[in-house]
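Reviewing the structure listed below.
Per-chain numbering from 1; labels A, B, C and D assigned in written order.
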Amino acid sequence: MAVILQSEPFDPGQLLGSFCAGRRETGAVASFTGLARAEDGATMTLELEAYPGFTDAAIEDMAAAAAARFDLQDLLIVHRTGPIAPGEAIVFVATAASHRRAAFEACDHLMDWLKSRAPFWKKEHGPDGARWIEPTDRDRTDAGRWDEESKP
Amino acid sequence: MAVILQSEPFDPGQLLGSFCAGRRETGAVASFTGLARAEDGATMTLELEAYPGFTDAAIEDMAAAAAARFDLQDLLIVHRTGPIAPGEAIVFVATAASHRRAAFEACDHLMDWLKSRAPFWKKEHGPDGARWIEPTDRDRTDAGRWDEESKP
Amino acid sequence: MLLFGRLADVAGWREKIIEAASLSALRTRLAEADAGLGEALSGPSVQVAVDKTLTRGDLPLTATSEVAFLPPMSGG
Amino acid sequence: MLLFGRLADVAGWREKIIEAASLSALRTRLAEADAGLGEALSGPSVQVAVDKTLTRGDLPLTATSEVAFLPPMSGG
(Lines give C-alpha, C1' and ligand atoms only; values in the text may rest on other atoms or scores of the structure.)
Protein backbone atom coordinates (compact mmCIF):
# COMPACT_ATOMS: atom_id res chain seq x y z
CA MET A 1 0.00 0.00 0.00
CA ALA A 2 1.46 3.34 -1.03
CA VAL A 3 0.28 6.95 -0.95
CA ILE A 4 2.40 9.45 -2.87
CA LEU A 5 2.00 13.24 -3.15
CA GLN A 6 4.20 14.73 -5.84
CA SER A 7 4.57 17.96 -7.77
CA GLU A 8 6.07 16.26 -10.86
CA PRO A 9 3.77 14.94 -13.63
CA PHE A 10 3.25 11.18 -13.70
CA ASP A 11 2.27 8.61 -16.33
CA PRO A 12 -0.81 6.60 -15.29
CA GLY A 13 0.13 3.81 -17.71
CA GLN A 14 3.50 3.33 -16.06
CA LEU A 15 1.86 3.26 -12.62
CA LEU A 16 -0.72 0.66 -13.68
CA GLY A 17 1.92 -1.45 -15.41
CA SER A 18 4.06 -1.63 -12.26
CA PHE A 19 1.02 -2.18 -10.06
CA CYS A 20 -0.18 -5.19 -12.10
CA ALA A 21 3.24 -6.76 -12.63
CA GLY A 22 4.11 -10.02 -10.92
CA ARG A 23 0.72 -10.66 -9.31
CA ARG A 24 -0.28 -14.32 -9.15
CA GLU A 25 -3.18 -14.25 -6.68
CA THR A 26 -4.87 -11.01 -7.76
CA GLY A 27 -7.87 -11.47 -10.02
CA ALA A 28 -8.93 -7.86 -10.30
CA VAL A 29 -7.24 -4.48 -10.61
CA ALA A 30 -9.44 -1.39 -10.90
CA SER A 31 -7.92 2.00 -11.59
CA PHE A 32 -9.05 5.58 -11.89
CA THR A 33 -7.17 8.44 -13.49
CA GLY A 34 -8.41 11.99 -13.00
CA LEU A 35 -7.23 14.38 -15.72
CA ALA A 36 -7.23 18.18 -15.77
CA ARG A 37 -9.80 19.26 -18.37
CA ALA A 38 -9.18 22.25 -20.60
CA GLU A 39 -12.93 23.17 -20.38
CA ASP A 40 -12.76 24.74 -23.87
CA GLY A 41 -9.95 27.02 -22.77
CA ALA A 42 -11.74 28.31 -19.66
CA THR A 43 -9.24 26.72 -17.27
CA MET A 44 -5.62 27.40 -18.06
CA THR A 45 -4.01 25.87 -15.00
CA LEU A 46 -5.17 24.09 -11.90
CA GLU A 47 -3.22 24.51 -8.69
CA LEU A 48 -3.49 22.14 -5.76
CA GLU A 49 -2.18 23.04 -2.34
CA ALA A 50 -1.48 20.31 0.21
CA TYR A 51 -0.30 20.52 3.82
CA PRO A 52 2.65 18.11 3.91
CA GLY A 53 2.47 15.76 6.89
CA PHE A 54 -1.25 16.48 7.29
CA THR A 55 -2.67 15.79 3.82
CA ASP A 56 -0.67 12.59 3.27
CA ALA A 57 -1.44 11.34 6.80
CA ALA A 58 -5.18 11.86 6.20
CA ILE A 59 -5.01 10.00 2.86
CA GLU A 60 -3.02 7.15 4.42
CA ASP A 61 -5.61 6.75 7.20
CA MET A 62 -8.39 6.67 4.65
CA ALA A 63 -6.49 4.21 2.43
CA ALA A 64 -5.87 1.82 5.35
CA ALA A 65 -9.56 1.91 6.29
CA ALA A 66 -10.60 1.21 2.69
CA ALA A 67 -8.08 -1.64 2.38
CA ALA A 68 -9.61 -3.28 5.47
CA ARG A 69 -13.22 -2.56 4.53
CA PHE A 70 -12.93 -3.97 1.00
CA ASP A 71 -10.38 -6.69 1.83
CA LEU A 72 -7.87 -5.32 -0.68
CA GLN A 73 -4.62 -7.08 -1.48
CA ASP A 74 -2.96 -3.79 -2.39
CA LEU A 75 -3.63 -0.19 -3.34
CA LEU A 76 -1.76 2.75 -4.79
CA ILE A 77 -2.70 6.43 -4.64
CA VAL A 78 -0.62 9.05 -6.46
CA HIS A 79 -1.77 12.67 -6.22
CA ARG A 80 -0.30 15.74 -7.86
CA THR A 81 0.24 18.99 -5.97
CA GLY A 82 1.16 22.45 -7.29
CA PRO A 83 0.29 23.71 -10.78
CA ILE A 84 -1.22 21.16 -13.20
CA ALA A 85 -1.65 21.83 -16.93
CA PRO A 86 -4.74 20.77 -18.95
CA GLY A 87 -4.53 17.13 -20.06
CA GLU A 88 -2.18 16.18 -17.23
CA ALA A 89 -3.14 13.56 -14.68
CA ILE A 90 -4.14 14.90 -11.24
CA VAL A 91 -4.79 11.68 -9.41
CA PHE A 92 -4.29 7.95 -9.93
CA VAL A 93 -5.85 5.25 -7.77
CA ALA A 94 -5.38 1.51 -8.29
CA THR A 95 -6.88 -1.26 -6.16
CA ALA A 96 -6.08 -4.98 -6.24
CA ALA A 97 -8.47 -7.65 -4.94
CA SER A 98 -9.39 -11.28 -5.51
CA HIS A 99 -12.64 -10.31 -7.19
CA ARG A 100 -13.76 -7.38 -9.27
CA ARG A 101 -16.65 -6.09 -7.14
CA ALA A 102 -14.29 -5.27 -4.24
CA ALA A 103 -11.69 -3.71 -6.54
CA PHE A 104 -14.29 -1.47 -8.25
CA GLU A 105 -16.07 -0.43 -5.06
CA ALA A 106 -12.84 0.38 -3.23
CA CYS A 107 -11.55 2.47 -6.14
CA ASP A 108 -14.87 4.32 -6.47
CA HIS A 109 -15.01 4.90 -2.71
CA LEU A 110 -11.42 6.18 -2.52
CA MET A 111 -12.04 8.58 -5.42
CA ASP A 112 -15.25 9.93 -3.86
CA TRP A 113 -13.38 10.63 -0.67
CA LEU A 114 -10.31 12.11 -2.40
CA LYS A 115 -12.45 14.41 -4.56
CA SER A 116 -14.66 15.72 -1.77
CA ARG A 117 -12.91 15.31 1.57
CA ALA A 118 -9.17 15.02 1.09
CA PRO A 119 -7.36 18.03 2.59
CA PHE A 120 -6.41 19.90 -0.56
CA TRP A 121 -7.08 23.49 -1.57
CA LYS A 122 -7.72 23.96 -5.25
CA LYS A 123 -7.27 27.10 -7.32
CA GLU A 124 -8.17 27.56 -10.98
CA HIS A 125 -6.17 30.06 -12.99
CA GLY A 126 -8.27 31.03 -16.02
CA PRO A 127 -8.53 33.93 -18.47
CA ASP A 128 -10.64 35.86 -15.91
CA GLY A 129 -8.12 35.42 -13.09
CA ALA A 130 -7.80 32.89 -10.30
CA ARG A 131 -10.43 31.47 -7.95
CA TRP A 132 -10.47 28.97 -5.11
CA ILE A 133 -12.77 25.97 -5.64
CA GLU A 134 -14.97 24.30 -3.04
CA PRO A 135 -16.49 20.80 -3.29
CA THR A 136 -19.57 20.53 -5.53
CA ASP A 137 -22.89 19.22 -4.26
CA ARG A 138 -22.33 16.18 -6.50
CA ASP A 139 -19.03 15.48 -4.74
CA ARG A 140 -20.74 15.62 -1.36
CA THR A 141 -23.55 13.34 -2.55
CA ASP A 142 -21.10 10.81 -3.99
CA ALA A 143 -19.04 10.69 -0.80
CA GLY A 144 -22.23 10.52 1.27
CA ARG A 145 -23.27 7.28 -0.45
CA TRP A 146 -20.61 5.47 1.54
CA ASP A 147 -21.73 6.97 4.85
CA GLU A 148 -25.21 5.56 4.26
CA GLU A 149 -23.82 2.16 3.39
CA SER A 150 -21.63 1.98 6.46
CA LYS A 151 -24.60 2.42 8.82
CA PRO A 152 -25.43 -0.84 10.62
CA MET B 1 -13.87 3.10 -29.56
CA ALA B 2 -11.96 -0.12 -30.10
CA VAL B 3 -12.59 -3.79 -29.34
CA ILE B 4 -9.64 -6.13 -29.77
CA LEU B 5 -9.48 -9.92 -29.38
CA GLN B 6 -5.92 -11.22 -29.36
CA SER B 7 -4.04 -14.38 -28.47
CA GLU B 8 -0.81 -12.51 -27.60
CA PRO B 9 -0.23 -11.25 -24.01
CA PHE B 10 -0.71 -7.51 -23.50
CA ASP B 11 0.55 -4.94 -20.99
CA PRO B 12 -2.35 -3.14 -19.24
CA GLY B 13 -0.03 -0.25 -18.35
CA GLN B 14 0.84 0.39 -21.97
CA LEU B 15 -2.85 0.27 -22.93
CA LEU B 16 -3.84 2.75 -20.20
CA GLY B 17 -0.93 5.06 -21.07
CA SER B 18 -1.97 5.27 -24.72
CA PHE B 19 -5.63 5.60 -23.81
CA CYS B 20 -5.00 8.59 -21.49
CA ALA B 21 -2.47 10.37 -23.73
CA GLY B 22 -3.40 13.61 -25.42
CA ARG B 23 -6.84 14.04 -23.83
CA ARG B 24 -7.80 17.64 -23.08
CA GLU B 25 -11.54 17.36 -22.46
CA THR B 26 -11.63 14.06 -20.56
CA GLY B 27 -11.86 14.40 -16.80
CA ALA B 28 -12.14 10.74 -15.90
CA VAL B 29 -10.64 7.46 -17.07
CA ALA B 30 -11.66 4.27 -15.28
CA SER B 31 -9.98 0.98 -16.09
CA PHE B 32 -10.28 -2.62 -15.12
CA THR B 33 -7.70 -5.35 -15.60
CA GLY B 34 -8.67 -8.97 -15.06
CA LEU B 35 -5.72 -11.22 -14.26
CA ALA B 36 -5.47 -15.00 -14.30
CA ARG B 37 -5.09 -16.17 -10.69
CA ALA B 38 -2.82 -19.04 -9.79
CA GLU B 39 -5.33 -20.18 -7.08
CA ASP B 40 -2.48 -21.61 -5.02
CA GLY B 41 -1.37 -23.76 -7.90
CA ALA B 42 -4.80 -25.24 -8.61
CA THR B 43 -5.12 -23.56 -11.98
CA MET B 44 -2.19 -24.03 -14.27
CA THR B 45 -3.57 -22.50 -17.44
CA LEU B 46 -6.80 -20.86 -18.49
CA GLU B 47 -7.98 -21.28 -22.05
CA LEU B 48 -10.53 -19.00 -23.68
CA GLU B 49 -12.25 -19.94 -26.90
CA ALA B 50 -13.91 -17.25 -29.01
CA TYR B 51 -15.92 -17.47 -32.23
CA PRO B 52 -14.23 -14.92 -34.50
CA GLY B 53 -16.74 -12.67 -36.22
CA PHE B 54 -19.41 -13.59 -33.64
CA THR B 55 -17.68 -12.89 -30.32
CA ASP B 56 -16.14 -9.59 -31.43
CA ALA B 57 -19.40 -8.45 -33.08
CA ALA B 58 -21.31 -9.15 -29.84
CA ILE B 59 -18.75 -7.20 -27.79
CA GLU B 60 -18.81 -4.29 -30.24
CA ASP B 61 -22.61 -4.10 -30.05
CA MET B 62 -22.47 -4.10 -26.28
CA ALA B 63 -19.68 -1.48 -26.24
CA ALA B 64 -21.63 0.85 -28.55
CA ALA B 65 -24.71 0.55 -26.34
CA ALA B 66 -22.66 1.28 -23.20
CA ALA B 67 -20.97 4.27 -24.86
CA ALA B 68 -24.39 5.75 -25.64
CA ARG B 69 -25.96 4.86 -22.28
CA PHE B 70 -23.13 6.37 -20.21
CA ASP B 71 -22.27 9.20 -22.63
CA LEU B 72 -18.67 8.03 -22.97
CA GLN B 73 -16.07 9.97 -24.90
CA ASP B 74 -14.12 6.80 -25.67
CA LEU B 75 -13.65 3.20 -24.63
CA LEU B 76 -11.18 0.39 -25.20
CA ILE B 77 -11.70 -3.33 -24.67
CA VAL B 78 -8.85 -5.80 -25.15
CA HIS B 79 -9.56 -9.48 -24.50
CA ARG B 80 -7.20 -12.43 -24.65
CA THR B 81 -8.13 -15.69 -26.34
CA GLY B 82 -6.35 -19.05 -26.27
CA PRO B 83 -4.17 -20.27 -23.38
CA ILE B 84 -3.42 -17.73 -20.62
CA ALA B 85 -0.81 -18.32 -17.91
CA PRO B 86 -1.30 -17.38 -14.21
CA GLY B 87 -0.52 -13.71 -13.58
CA GLU B 88 -1.23 -12.71 -17.18
CA ALA B 89 -3.94 -10.20 -18.04
CA ILE B 90 -7.12 -11.70 -19.51
CA VAL B 91 -9.13 -8.55 -20.12
CA PHE B 92 -8.59 -4.79 -20.08
CA VAL B 93 -11.40 -2.24 -20.21
CA ALA B 94 -10.90 1.54 -20.14
CA THR B 95 -13.63 4.17 -20.30
CA ALA B 96 -13.27 7.93 -20.77
CA ALA B 97 -15.92 10.43 -19.72
CA SER B 98 -16.25 14.01 -18.55
CA HIS B 99 -17.01 12.92 -15.02
CA ARG B 100 -15.98 10.00 -12.89
CA ARG B 101 -19.40 8.52 -12.09
CA ALA B 102 -20.07 7.75 -15.78
CA ALA B 103 -16.55 6.38 -16.32
CA PHE B 104 -16.80 4.06 -13.29
CA GLU B 105 -20.32 2.85 -14.00
CA ALA B 106 -19.62 2.17 -17.66
CA CYS B 107 -16.45 0.21 -16.83
CA ASP B 108 -18.23 -1.79 -14.12
CA HIS B 109 -21.17 -2.48 -16.43
CA LEU B 110 -18.94 -3.59 -19.34
CA MET B 111 -17.01 -5.94 -17.06
CA ASP B 112 -20.18 -7.49 -15.63
CA TRP B 113 -21.37 -8.18 -19.14
CA LEU B 114 -18.01 -9.45 -20.40
CA LYS B 115 -17.61 -11.81 -17.42
CA SER B 116 -21.10 -13.29 -17.57
CA ARG B 117 -22.55 -12.87 -21.04
CA ALA B 118 -19.79 -12.37 -23.60
CA PRO B 119 -19.62 -15.32 -26.00
CA PHE B 120 -16.50 -17.06 -24.73
CA TRP B 121 -15.97 -20.63 -23.65
CA LYS B 122 -13.54 -21.04 -20.80
CA LYS B 123 -11.50 -24.10 -19.88
CA GLU B 124 -9.25 -24.52 -16.84
CA HIS B 125 -6.27 -26.85 -17.15
CA GLY B 126 -5.25 -27.85 -13.62
CA PRO B 127 -3.37 -30.68 -11.91
CA ASP B 128 -6.59 -32.77 -11.97
CA GLY B 129 -7.18 -32.29 -15.68
CA ALA B 130 -9.24 -29.82 -17.69
CA ARG B 131 -12.79 -28.60 -17.14
CA TRP B 132 -15.14 -26.19 -18.88
CA ILE B 133 -16.36 -23.30 -16.72
CA GLU B 134 -19.86 -21.83 -16.68
CA PRO B 135 -20.82 -18.40 -15.28
CA THR B 136 -21.10 -18.22 -11.48
CA ASP B 137 -24.29 -17.12 -9.74
CA ARG B 138 -22.38 -14.01 -8.65
CA ASP B 139 -21.63 -13.17 -12.29
CA ARG B 140 -25.31 -13.49 -13.17
CA THR B 141 -26.34 -11.34 -10.21
CA ASP B 142 -23.80 -8.65 -11.09
CA ALA B 143 -24.91 -8.52 -14.71
CA GLY B 144 -28.55 -8.56 -13.60
CA ARG B 145 -28.06 -5.32 -11.64
CA TRP B 146 -27.98 -3.44 -14.91
CA ASP B 147 -31.14 -5.05 -16.25
CA GLU B 148 -33.02 -3.80 -13.18
CA GLU B 149 -31.65 -0.32 -13.65
CA SER B 150 -32.61 -0.14 -17.30
CA LYS B 151 -36.28 -0.87 -16.59
CA PRO B 152 -38.46 2.21 -17.12
CA MET C 1 -20.14 -26.35 -39.37
CA LEU C 2 -18.44 -25.48 -36.10
CA LEU C 3 -18.53 -26.82 -32.53
CA PHE C 4 -17.44 -24.78 -29.52
CA GLY C 5 -16.47 -25.44 -25.92
CA ARG C 6 -17.38 -28.84 -24.49
CA LEU C 7 -19.30 -29.81 -27.67
CA ALA C 8 -15.99 -30.03 -29.54
CA ASP C 9 -14.64 -32.29 -26.78
CA VAL C 10 -17.74 -34.54 -27.02
CA ALA C 11 -17.38 -34.81 -30.82
CA GLY C 12 -13.60 -34.98 -30.98
CA TRP C 13 -13.59 -32.35 -33.74
CA ARG C 14 -14.23 -28.59 -34.03
CA GLU C 15 -14.97 -28.02 -37.70
CA LYS C 16 -16.43 -30.12 -40.51
CA ILE C 17 -18.04 -29.65 -43.89
CA ILE C 18 -21.41 -31.46 -43.94
CA GLU C 19 -24.11 -31.35 -46.62
CA ALA C 20 -27.65 -30.73 -45.36
CA ALA C 21 -30.65 -28.86 -46.75
CA SER C 22 -31.85 -27.62 -43.36
CA LEU C 23 -30.86 -27.35 -39.70
CA SER C 24 -33.10 -30.30 -38.77
CA ALA C 25 -31.52 -32.43 -41.52
CA LEU C 26 -28.08 -31.47 -40.22
CA ARG C 27 -29.05 -32.44 -36.65
CA THR C 28 -30.38 -35.81 -37.87
CA ARG C 29 -27.19 -36.50 -39.83
CA LEU C 30 -24.96 -35.60 -36.85
CA ALA C 31 -27.02 -37.79 -34.47
CA GLU C 32 -26.84 -40.74 -36.86
CA ALA C 33 -23.05 -40.46 -37.03
CA ASP C 34 -22.57 -39.89 -33.27
CA ALA C 35 -25.47 -40.50 -30.87
CA GLY C 36 -23.61 -38.84 -27.96
CA LEU C 37 -23.03 -35.70 -29.96
CA GLY C 38 -26.63 -35.72 -31.20
CA GLU C 39 -27.83 -35.73 -27.60
CA ALA C 40 -25.35 -33.02 -26.54
CA LEU C 41 -26.51 -30.77 -29.39
CA SER C 42 -30.19 -31.15 -28.56
CA GLY C 43 -29.82 -29.89 -24.98
CA PRO C 44 -31.92 -26.79 -24.18
CA SER C 45 -28.83 -24.76 -23.26
CA VAL C 46 -27.18 -25.20 -26.67
CA GLN C 47 -27.71 -22.25 -29.04
CA VAL C 48 -27.35 -22.33 -32.80
CA ALA C 49 -25.88 -19.60 -34.98
CA VAL C 50 -26.29 -19.60 -38.75
CA ASP C 51 -23.85 -17.30 -40.52
CA LYS C 52 -22.88 -15.82 -37.12
CA THR C 53 -26.45 -14.91 -36.19
CA LEU C 54 -28.30 -16.71 -33.38
CA THR C 55 -31.38 -18.53 -34.61
CA ARG C 56 -34.24 -20.67 -33.25
CA GLY C 57 -36.19 -23.54 -34.78
CA ASP C 58 -35.56 -24.96 -38.21
CA LEU C 59 -34.01 -23.04 -41.11
CA PRO C 60 -33.07 -23.98 -44.71
CA LEU C 61 -29.32 -24.09 -45.37
CA THR C 62 -27.31 -23.39 -48.53
CA ALA C 63 -23.93 -24.67 -49.64
CA THR C 64 -22.23 -21.63 -48.03
CA SER C 65 -24.13 -21.59 -44.73
CA GLU C 66 -21.93 -21.58 -41.64
CA VAL C 67 -23.65 -23.37 -38.76
CA ALA C 68 -22.20 -23.14 -35.23
CA PHE C 69 -23.42 -25.00 -32.13
CA LEU C 70 -22.74 -22.94 -29.00
CA PRO C 71 -22.83 -24.45 -25.50
CA PRO C 72 -23.52 -22.13 -22.51
CA MET C 73 -21.10 -19.21 -22.70
CA SER C 74 -18.86 -18.73 -19.73
CA GLY C 75 -18.07 -15.07 -20.22
CA GLY C 76 -14.47 -13.92 -20.44
CA MET D 1 2.06 29.36 11.86
CA LEU D 2 0.66 28.50 8.42
CA LEU D 3 -2.18 29.75 6.25
CA PHE D 4 -3.70 27.69 3.43
CA GLY D 5 -5.88 28.33 0.40
CA ARG D 6 -7.73 31.65 0.29
CA LEU D 7 -6.56 32.60 3.81
CA ALA D 8 -3.02 33.03 2.46
CA ASP D 9 -4.40 35.28 -0.28
CA VAL D 10 -6.30 37.38 2.31
CA ALA D 11 -3.17 37.76 4.47
CA GLY D 12 -0.63 38.14 1.68
CA TRP D 13 1.62 35.54 3.35
CA ARG D 14 1.62 31.77 3.95
CA GLU D 15 4.00 31.25 6.85
CA LYS D 16 5.12 33.34 9.84
CA ILE D 17 6.69 32.86 13.25
CA ILE D 18 4.49 34.50 15.89
CA GLU D 19 4.82 34.29 19.67
CA ALA D 20 1.63 33.48 21.56
CA ALA D 21 0.87 31.47 24.70
CA SER D 22 -2.43 30.13 23.42
CA LEU D 23 -4.59 29.82 20.31
CA SER D 24 -6.88 32.61 21.49
CA ALA D 25 -3.88 34.89 22.11
CA LEU D 26 -2.64 34.08 18.61
CA ARG D 27 -6.03 34.91 17.08
CA THR D 28 -6.11 38.26 18.97
CA ARG D 29 -2.62 39.16 17.80
CA LEU D 30 -3.43 38.28 14.16
CA ALA D 31 -6.68 40.29 14.25
CA GLU D 32 -4.88 43.33 15.74
CA ALA D 33 -2.30 43.26 12.93
CA ASP D 34 -4.86 42.63 10.14
CA ALA D 35 -8.59 43.03 10.85
CA GLY D 36 -9.55 41.41 7.51
CA LEU D 37 -7.48 38.34 8.27
CA GLY D 38 -8.84 38.22 11.83
CA GLU D 39 -12.37 38.09 10.45
CA ALA D 40 -11.47 35.48 7.80
CA LEU D 41 -9.89 33.23 10.46
CA SER D 42 -12.92 33.40 12.76
CA GLY D 43 -15.38 32.08 10.13
CA PRO D 44 -17.18 28.85 11.16
CA SER D 45 -15.80 26.97 8.14
CA VAL D 46 -12.14 27.57 9.09
CA GLN D 47 -10.52 24.65 10.92
CA VAL D 48 -7.40 24.81 13.06
CA ALA D 49 -4.65 22.20 13.27
CA VAL D 50 -2.00 22.28 16.00
CA ASP D 51 1.02 20.12 15.20
CA LYS D 52 -0.90 18.65 12.25
CA THR D 53 -3.86 17.51 14.35
CA LEU D 54 -7.28 19.16 14.01
CA THR D 55 -8.40 20.85 17.21
CA ARG D 56 -11.38 22.82 18.58
CA GLY D 57 -11.61 25.63 21.12
CA ASP D 58 -8.62 27.16 22.89
CA LEU D 59 -5.29 25.40 23.51
CA PRO D 60 -2.00 26.45 25.12
CA LEU D 61 0.92 26.78 22.69
CA THR D 62 4.65 26.23 23.13
CA ALA D 63 7.61 27.70 21.29
CA THR D 64 7.61 24.74 18.89
CA SER D 65 3.85 24.51 18.23
CA GLU D 66 2.89 24.55 14.55
CA VAL D 67 -0.51 26.19 14.08
CA ALA D 68 -2.29 25.96 10.70
CA PHE D 69 -5.55 27.67 9.69
CA LEU D 70 -7.40 25.58 7.11
CA PRO D 71 -10.22 26.99 4.97
CA PRO D 72 -12.82 24.56 3.53
CA MET D 73 -11.01 21.78 1.72
CA SER D 74 -11.83 21.34 -1.93
CA GLY D 75 -10.76 17.74 -2.30
CA GLY D 76 -8.27 16.79 -4.97
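We adopt the following convention: a residue touches a chain if its C-beta (ideal position, glycine included) is under 8 Å from a C-beta of that chain, and two chains touch if they have at least 3 such contacts.
As the structure is a prediction and not an experimental result, all values here were calculated from the model.
**Q** Suppose chain centres are the mean of their C-alpha atoms. Which chain sits farthest from chain B?
**A** Most remote chain from chain B, centroid-wise, comes out as D.
**Q** Counting only Cα atoms for the centres, state how far chain A is from chain B in Å.
**A** Between these chains, centre-to-centre, one finds 23 Å.
**Q** Please work out the Cα centroid separation of chain B and chain C, and write it as a whole number of Å.
**A** Centres of chain B and chain C (C-alpha means) sit 27 Å apart.
**Q** Per the centroid of Cα atoms for each chain, what is the distance between chain B and chain D, given in Å?
**A** Roughly 50 Å separates the two chain centres.
**Q** Could you check chain A for residues that touch two or more other chains and list them?
**A** 34, 115
**Q** Which chains touch which?
**A** The list of touching pairs comes to A-B, A-D, B-C.
**Q** Under the touch definition given earlier, write down the residues of chain A that touch chain B in their complex.
**A** 11-20, 22-35, 37-40, 86-87, 89, 98-101, 103-104, 107-108, 111, 115, 138, 142
**Q** Across the complex, what residues on chain D touch chain A?
**A** Its residues touching chain A are 2, 4-6, 9, 49, 52, 68, 70-76.
**Q** Write out the stretch or stretches of chain A touching chain D in their complex.
**A** Counting only chain A, the residues touching chain D are 34, 48-49, 51, 53-54, 57, 79, 90-91, 114-123, 132-135, 139.
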